[in-house]
Amino acid sequence: MQHANLAVYILEGAMVFLILYKILSARAGRRLFIRRIPGLSAIDEAVGRATEMGRPLLFSPGIGGFNVVSLQALAILGHIISLVAKYRSRVIVPTIDPLVYTIAEEAARDAYEANGAPEAFNRDDILYLTGDQFAYASGVVGVLHREKVAGAFYFGDFFAEALILSENGQQVGAIQVAGTPQVTQVPFFIASCDYTIIGDEFYAASAYLSREPTLLGSLVGQDYSKAILLVLMVLGIAAATWLTITGFPSIEAALLRITTAFNG
Amino acid sequence: MHQLASFIEQHSTAVILWVGAICTFAIYSVLYKENPYYRLAEHIFIGLASGLGIYMTWSDVLKPKWWDPMVGKGQWWWAFTVAAGAMFYFMYSKRNAWISRLIMGGMMGMGTGAAFQAFANTYFPMVTASFKAVVPTVLKAHIPRTEPGLGIDLALSNLLFIIVLITVMAYFFFSIDHRSRSMRGTASLGRWFLMFAFGAMFGSTVMARMALFIGRLDYLTTEWGPIVPLWLWMAAGGLLLLAIGFFLLRPRPPKKLDEQPAEEVVPVEPVAEGGAQAS
Amino acid sequence: MRILTILDRIDRRIVYLLLAVVVFVPLKWTIFSLPLPITPEVQSAYDTIQNMPKGKIAWISVVWGPGTQAENRTQMEVLVRHLFMKGVPFILMPWDQQGTKVAEKQVEDLAKELHKKEGVDWISIGYRPGYLMNIIKGSIINMNKTLGTDRHGTPLYEIPMTKGKTISNVGLLIETTPSGTLNDWISYLGQPLQVPIIYCPTAVMVPDGYNYVDTKQVAGMLPGLTGAAQYDELLHHTGFAQRGADALSMAHALVIALIIVGNVGYVLTRRQRGSA
Amino acid sequence: MILLANNLAFSLFVPQARPAVLAAYIGVCLALGIGFIFLLTAMPTRFRRPIVIATTFILGLFYFLEFMFPGRQMAPLRDRLAAAESGFRTAQQDLYAVVVQRNDVSARLAHAGQALNDAARSLDKAAEMIDRVKPDAEEQLRRAAEDASRWAKARGVPGKVLEFDAETGSISDIRTQTYRKRVGDLAKAAEGMSDARAAMEKAQSVSASTPPKEVDAIRGSLAAGADSLALARSNLSDNFLSPYTQPVGDVSVVIGAFALGLGIYGLAAVHAKAISGKRPGWLNSLAFYVAMIAMTLVGFLKDYLGKRPAQSLSESVYNILFYGALNALSATMFSLVAFYIVSAAYRAFRVKSGESALMMASAFLVMLSLVPFGVLITSGLPVHGWASIFRLENIGHWILLFPNAAAQRGMLFGIGVGGLAMALRVWLSLERGSYFDKEM
C-alpha cells in the first residue's frame, strides 16, 4: 500500500502505543520478567574461554547495509566488546558497510576506554572488507583461519555465506553463537554453530544482555503486539470457519472488507 | 607495450578462461586447508571488489545522481551534499566526533521512518492470508461462500497450519516463563515444529547449491577444458593421484579413539547445555 | 569395532572428495541414466511446442549469465533442440552481456549438429541493454523495426526468416531466467496477446514458479536442471541435462548415505561406550 | 502546500547554465557548507544531543508522514474505484464456486450478476468523475508548465536545462511534474477501467450453460480487471509529500555514497601498515593494492579515454579482471556452499536428541521428494486418488507448503514486530546501549 488506511492506523497505532507505554512504565521502575535465552548465556562463556586460551574472538555484523538489523547487531556487539575489554581480550570485527564499520570502531574504542584500557584497543581489529558478499565471505574465512579464533559470533543479516562462515569457524574449533532475522539461513547456523538464536530472539538479545529497563519494556510491549496479531488471526480463522459452516453473506462481506483493507 | 596490448586483445577469451580456472582452483584449495594460494586469491578478490566498488559508486551513483545534475544541468545545490558527506569524516576527530553522529542520526532517522510502511506492506497481507477455514465443506448441506470445495485433506492441512503458527508464535513470547504450566506444552511443541521446518528448509536448499557446483565443474570441463593441452591434463591427473596418496598415507599421531571421539573434529568441547540447539 | 567409530567421524576432506567424485563422474560420462518420472508441467511444456501451428516463430529470452548456466543453459539447450527438430524458427534475445556469448555458442553447436542454418532456422538479435517492457510494447506495434538488426547487423526485414513477420507470428515465448523477469512477459505479452510461455527458472525459484503454473499464466515449466533432464527424456535424447540430473541425484544420495552412515556410527559408538 | 513549497524552491533554486556562474554558485555552496560545519564545531556541548535527536526525528518524520497521510485530492474517485474492485472480487469468487462446484449454479450466478451491476454503477460514477476532474488537471498542468517557462525566461534560465529537468524530475520543477503525473494517472485509470469493463461485459454474459473452461477464463480476466483497478487506485493516492520522495531518496543515496571513503581508507590503511612494516603476508597486501588500483583504473579509463588504442586495451583488461577473475572468484566462493552443506548435514543430523532427529527426518523427506531417484521410490503409487498423497513428491510439497510455511510465518511476525520496535526506539532516540548512550 502506498499510504496508510484505517487498518494501519488502528493496528500499528495500537502496537506503537503498547510498546511506548511499556517502555515508559519500565522506566518508571516496574520490574519485568524475561524468559531465559540459553544461546545468549553462552556469550560470556565464549569470551572467557578465548581469554584463557589467549586467542581472539570474531564478531560479524552480517552483510546487511545500514539498517535496523545492523543497528541491532551493533547493539549486541556493544555488549560483547565491553565484556572483551573487561577481560583485556581481542575481538575482530569484519564489516561490509562503511557506516556500520565506523559505528563499530567508535563502539570498540569507547568500550576499551570505559574499561580503563584505551591502549588495548587496536584499530586494525575493526575491518572494512569491501561491499561484495562473497569477497566479504572469503575475507572472513581467511581471518578465521589465520587468527585461529576461539569464538565466533554472527549476528545480523546473513544469506548464502552463512554456511561458509560457520563451517570454517567450526573447522578452526571456535565456539560459535549465531542469530539472524533471515529465517532461511537459521537451519545452516543450527547445523554448524554451538548456539543459535532463533527468530526474534535476535531482537530480544540486547534487552536480555543489558537488562536495560527501556529495552525490557520494549520487549514486553512487543509481546503484547504479537498477542494482538495472534488474537486477530484467531478471530479471522474462526470467522472463516464459521463462514464455511453457515455461509452467512454478512460474514463473507466482512472478511472480504478486512482482507482488502489489509492488502492495501 | 603495443605488443602486449595486441596480445591481450587477441587472446582475451583464452586469458579470461585461464584466469577463471586458476581463480577457481585457488578458492577450492581452501577445502583442504587454508593455504598461501587461497590467501593470495582472497586478497586479490577483496582488492578487485573494492576497486569495482569505487568505480561503481562513481559510475552508478555519484555520476548520474550527483555530478551530472550539478555540472551538466546547473543544479548547483547538489554541492551542499559534499558538506553533508564530509560530516562523516569527523568521527576521527576527538573533539568534534559528534558531527559524524549528527549525519549518522539523520541517516538512521530516514531508515526508521520508512519502517512503518514496510511493516504494513510485509506483514498485513500475512495476517489475512492466515484466515483459513478448518472445517471441510462436506460437513454441511448448503453452498460454501469462500473457499469452495474445501476437502477434508485441505481442512486438516489448514488446521495443522494454524496449530503450527500459534505454537511457534507462543514460543517467541518472552515475558511468559516457558516453565509455567500453561506454556510448557505449547512452547515446546512450537520448538518441535520449528525444528521440523528448519529441516525442510535445509533439505530444499541442497539442490540449488549442488547446481552451483555443477556450474563450476561445467565451466572447467566444457569451457576451459578444451583449451588445455593434453600433457597438462596428464600432469595434473598424476599430481592429483600423488596428493591423494600422500593424504591417505600421511603419518598420523596415535590417538585414543575410543576415549575422546569428539577431539579430532572439535578441539574445543562444545558447551553441551540442553535445549540450546539441535546439533 | 574401530571401523564403526570411523563411520562416526569421517574426515571432512574425504567427504568433500566423495562429493567431487560423485558429481564429476556422472557429469562427464554417462554411466547410468536414471529413468525420470515426467511431471505434468514439463509434459505440458513439451506439448506446447509439439502442437505449435505451422508458420509460427518462437522468442527465446536469455536473462542468465555464466553464474547459473548449469541450469539455464541446459534448459535452453533442450528446448532449442526440440524447436530445431520440429522445424520451428526462433529469435534468440539475450539481455545479459556475458550470457549472450554462451547462449549463442550453444545454439551454434546445436545448429551444426542438426544441420540448421542461421537466418533461416534461427537468428540472434545480440546483446540488448534496455528496458524489457519498452521492447515488448514496441514489438507489438512493429516487431522488425523494434528489434532492428540481428547480431551481424543485418536488418530483420531482409532476413528470410523474419521477412514480413509481425508479432502475430510469435507463437511461443521461452523465458530462461535466474531472476524475476517473468512478470513483464506475462503482463505485456502472455496475457494480452495469449502467447504461451514456457518458464525455465533456477531451482531456488521453482516453488514460486508453481503459482504461475497453477494459474495457467505459463503454459509449462522446466524446474531447474531436473526439468531439463525430463525434457531430454521426452526427446529421447541423452545429454548434459540427463547427466546433470544424475549428478544431482547422486549428490543427494551421497548426503542421505552420509547421514545414515553417520548415525549408524554414532549409535554404535555410543552403545560401545555405554557397555565399556 | 505543494504550491508554497514549490514557489519557495522556484525562487531559491534556480539552475545555472553558464559555466562561470555555475562554478561561482557551487563555490559559494561549498563555502556555506564549510561554514555550517564550522558553526557545528562551536556548538556548546549541552545542545549537541538535542540537535542529534531532533535531526533523527525530523528526517524520520518525512517518510512517516508520507505514509500516514492519505492523498486527499482524489479521495472520492478512489472510493468509487474501491467499490468497483470489491464488486469484481465478489463476482470472481462466485464464478470460482461455479467452476469448482457445479451445484446451486443459478444462485451463484445471480449473486455475481448483482455484484457486477453494483460495480458497473461505481465504474460509471468514477468515469464521470474522471471526465470532470481531467480538464482541470490538464489546465493546471498547462499553467504550471507555462509558469515554469515564463519564470525561466525572466531569470535567464535556458529552456533546455528546465525542460530536461522536468523529464528527470528535479526539485525545481516539482509542480509541473506533479500535475503531469496526475494527468497521466487519470489517463491510466481510465484505461484500466475500460479494460475492467470489457472483462465485466464478458462476465455478465455467463449463464448456466457456459462451459466451465470458458467461465474459468472469464474469472481470470475479472481478477486481472480487479487488479488493474487496484493499481489505478493506488496510483491516484499521492499526498503533498509524495512528489518529494524521489529527490529525498537521491540525496540520501548520494550522501551515503560519500561514506565509502571511510571504509576504503580503513582497508587501505591496514594493508599499507602491513606493507610498510613487512609484516608476515605483506606480499598479499601488495596484491590487494595492485588488484584494487588496477580495477579502479581500468574501470575509469575504459569510460573516459574515448576512442583510443589505450581505451580498447583497458576494456580488455577490465573484461579479464571482471569476467575472468572477479566473476570466477565470486561464483566459486558461492559454490563452496555445496561442499559445506554436505559436511554440515553429515555432522549435524544425528539422532542425538529428539529435535535433531526431527530436523533430520524432514530434511530427508524433502531431499528425497526433489530428486528423481527419490521420486522413483514411490512411483508405484497412483497419481490420483487418496493414495497419491503418499507419493514422495507430494509429501515434500506438502511439508514445504504447510508446516514449513506456517513456522516461517510464525517467526516472521516476531521478527517484524521486533524490527518495528527497534525502528521506533531509534527514531525517538529511546535506544540504549554503548553507541546510543555516549556523551557528546
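In order of appearance the chains are A, B, C and D, and numbering begins at 1 in each one.
We adopt the following convention: a contact is a pair of C-beta atoms (placed from the backbone, for glycine too) under 8 Å apart; a residue touches a chain by one contact, two chains touch by 3 or more.
On a predicted model such as this, the values are computed, not experimentally measured, just so you know.
The chains that touch both chain A and chain C are B, D.
The set of chains touching chain A and also touching chain B is given as D.
Using mean Cα coordinates as chain centres, the one most removed from chain A is C. Ranked by number of C-beta pairs in contact, the top chain pair is B-D.
Annotation: 28 Å between the Cα-based centres of chain C and chain D.
Each chain gets a centre from the mean of its Cα atoms; for chain B and chain D, those two points are 20 Å apart.
Taking each chain's centre as the average of its CA atoms, chain A and chain D sit 23 Å apart. Touching of two or more other chains is recorded for residues 1, 4, 8, 12, 66, 68, 71, 99, 102-103, 105-106, 129-132, 134-135, 138, 146, 170, 183-184, 187-188, 190-192, 198-200, 204, 219, 222, 226, 229, 264 of chain A. Chain contacts: chain C has residues 12, 16, 19, 66-67, 207, 226, 248, 251-252, 255 touching two or more partner chains. Counting only residues that touch two or more partner chains, chain B has 27, 30-31, 39, 41-42, 45-46, 48-50, 52-53, 88, 91, 97, 107-108, 111-112, 115-117, 119-120, 123, 130, 142-146, 162, 165-166, 169, 172, 194, 198-199, 201-202, 204-207, 210, 212-213, 215, 219, 265, 278-279.
Under the contact rule defined at the top, the touching pairs of chains are A-B, A-D, B-C, B-D, C-D. Only residues 220, 224, 323, 327, 330-331, 334, 338-339, 341-343, 345-347, 349-352, 360, 364, 367-368, 370-376, 379, 393, 400 of chain D touch chain C when the two sit together in their complex. Taken together, the chain A residues at the contact with chain B in this complex read 1, 4, 7-8, 11-12, 32-39, 42, 45, 49, 66-68, 71, 99, 102-103, 105-106, 129-132, 134-135, 138-139, 141-142, 145-146, 150, 168, 170, 173-175, 183-184, 186-188, 190-196, 198-201, 204, 219-220, 222-223, 226-227, 229-230, 232-234, 236-237, 239-241, 243-249, 251-252, 255, 258-259, 262-264. Within the complex formed with chain A, the chain D residues making contact are 66-71, 82, 85-86, 89-90, 230, 234, 237-239, 242, 256, 259-264, 266-267, 270, 273, 281, 329-330, 333-334, 336-337, 340-341, 343-345, 347-349, 359, 408, 410-415, 417-426, 428, 430-436, 438.
Chain A makes touch with chain D in their complex at residues 1-5, 8-9, 12, 15-16, 19-20, 23, 66, 68-69, 71-72, 74-75, 78-79, 81-82, 95, 97-99, 101-103, 105-107, 110-111, 124, 126-135, 137-138, 146, 160, 163-164, 167, 170, 181, 183-184, 187-188, 190-192, 198-200, 202-204, 206, 210, 212, 214-215, 218-219, 221-222, 225-226, 229, 256-257, 260, 264.
Against chain B, the residues of chain C that register as touching in their complex are 2, 5, 8-9, 12-13, 16-17, 19, 23-24, 27-28, 66-71, 202-204, 207, 224-226, 240, 244, 247-248, 251-252, 255, 269, 272-273, 276.
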